[in-house]
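Here the structure is laid out as structure tokens; the discussion comes afterwards.
Chains: A, B, C and D, in written order; residue numbering restarts at 1 for each.
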Amino acid sequence: MSQSDTGRAMDPQALAEASAAAMYKEDKASQGLGMVVDSVAPGAATLRMTVRADMVNGHGTCHGGFIFALADSCFAFACNSHNRVTVAQSASIDFLAPARLGDALIASATELALGGRTGVYDIVVRRQDGLRIALFRGNSYRVQGSLVPETEL
Amino acid sequence: MSQSDTGRAMDPQALAEASAAAMYKEDKASQGLGMVVDSVAPGAATLRMTVRADMVNGHGTCHGGFIFALADSCFAFACNSHNRVTVAQSASIDFLAPARLGDALIASATELALGGRTGVYDIVVRRQDGLRIALFRGNSYRVQGSLVPETEL
Amino acid sequence: MSQSDTGRAMDPQALAEASAAAMYKEDKASQGLGMVVDSVAPGAATLRMTVRADMVNGHGTCHGGFIFALADSCFAFACNSHNRVTVAQSASIDFLAPARLGDALIASATELALGGRTGVYDIVVRRQDGLRIALFRGNSYRVQGSLVPETEL
Amino acid sequence: MSQSDTGRAMDPQALAEASAAAMYKEDKASQGLGMVVDSVAPGAATLRMTVRADMVNGHGTCHGGFIFALADSCFAFACNSHNRVTVAQSASIDFLAPARLGDALIASATELALGGRTGVYDIVVRRQDGLRIALFRGNSYRVQGSLVPETEL
């Protein structure tokens, strides 16, 4: 957290963006699923993903695992936005409506609590027309380390 | 549930196996993730999946979404084993240990409760050496329809 | 749902208030814990309860069961506000901060989803000063019956 | 954890029993609800409670808050059995069948995972005849301190 002699401490928004960029670069799984990070902010993130043919069953309904994966990535970007390495400890999901082939899903994360090493986040997954597809609540746990240096030249 | 004049009613184990075969054939998502159904029985299922390069981040750790997907498929095979079309209503997952590139994950589902239209299932995801990777608890909801005809010629 | 010849159908707010009054009268448990219904509306409810000496341990911290009970009652008033008898199927709770002897706790319920026989509700439990004590998410299941006749003379 | 010169380190079972005795003495809430600790062991506990008139609604059905409270106390005894002060971070509960006035409920806790500061426990609440009333899964978080000195004279 200390500011170096040669650098200027990043503000929280710059830190959230730098953390997200560092995470996304390494996250081949989210990339491979076609997820795009629309925005990040301290404690928040918005991601989108289109339901592909390899994500659906024979009736064109998206497998719940891919809806969870989008919400889980969104959760990860939000809970790592403070540049402290943080992992998912547990999560729950309610499936409200099916998603279908070609649907553009948008997940938005909100930080409900952050104290000590743990946090609670809500992620809502919506369809392009706003219909809520799933509600996800995640519990995070901070481990050692940071994602990016906290100063810039 | 009534037995036709021309057929013999399947026993519960035969029905579980026929339901699983019908489901798996249509489930391009589980197939695409390389999931294999090891066994099914009334209220139970065991599936396996190997962690691939497209499931991990830059550090070789499996994205939680794929661990959830394996557990969720296992849950689906178990809760549809009675040949009544049943969907995931909600689920929770505890992540106990990371899975890594090349790990062979094995998920096993147990039916804890089934009454009216709803059921509760526990799914344990283990690594090839038996280490528990994740604990999943799913709530199912029975909708209309069956997976296969309940008689055979 | 049909309107009788002799009565006027209640509007949704009147129905919510009548349902709550009918429930509260029978709910000796919520009464015994000193819960007060501040307000109800379609899909919503606000209840309050003061932490008593018989709700705390030796260190003056409220037992989690009583915080859950307040949230669970609030959930029940919200999910029965449409005058369809509805029960708690499952719930999860995150404990954010301890409540102490004498704290006035306020629970507020919001309906996130309602479709078919099932619904999802969020309940936030706050302390008198607004500090969030617990987050509760409940899954409801509608059974047979109504709480009050839907017409009034 | 170090053994003093003058004492003998307690074995894990003795430590579980001493921790439970220290907790129960201070826990006026569990006492007030009539809970009895049947047994404790490292990572495990069994508690019982009879459904009283002040725990039921007008139809004689136990309020979910009291079922949760029994499970939550059982969870607390199990996760504190290692003599490290541990609190409930979150929990989920599935209500399987109603409990009624006069039912003797028995809760049994099992430790599913314990690593670092966090643990996962399953608690099953049964009726006197063995019928499962509720399934509870709790996430624990270890804080500072111990319940009893770890040596005896």
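In the analysis below, contacts are C-beta pairs under 8 Å (C-beta built on N, C-alpha and C of every residue); 3 or more make two chains touch, one makes a residue touch a chain.
These numbers were taken from a predicted model, which means no experiment stands behind them.
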Result of counting contacting C-beta pairs for B-C and C-D, higher pair: C-D
Chain separated most widely from chain C, comparing mean CA positions: B
Interchain centroid distance [CA atoms averaged], chain A/chain C, Å: 32
Approximate Å spacing (C-alpha centroids) for the pair chain C, chain D: 26
Centroid spacing, where centroids are CA-atom means, of chain B and chain C in whole angstrom: 35
Overlap residues in chain A, where contacts from two or more other chains coincide: 89-90, 92, 94, 139
Chain B - residues contacting chain D, complex: 92, 94, 96-97, 112-113, 115, 120, 132, 135, 137, 139
Complex contacts: residues of chain C adjacent to chain D: 25-30, 32-33, 53-59, 62-66, 68-70, 72-73, 87-95
Complex contact set, residues of chain A against chain D: 89-90, 92, 117-118, 139, 141
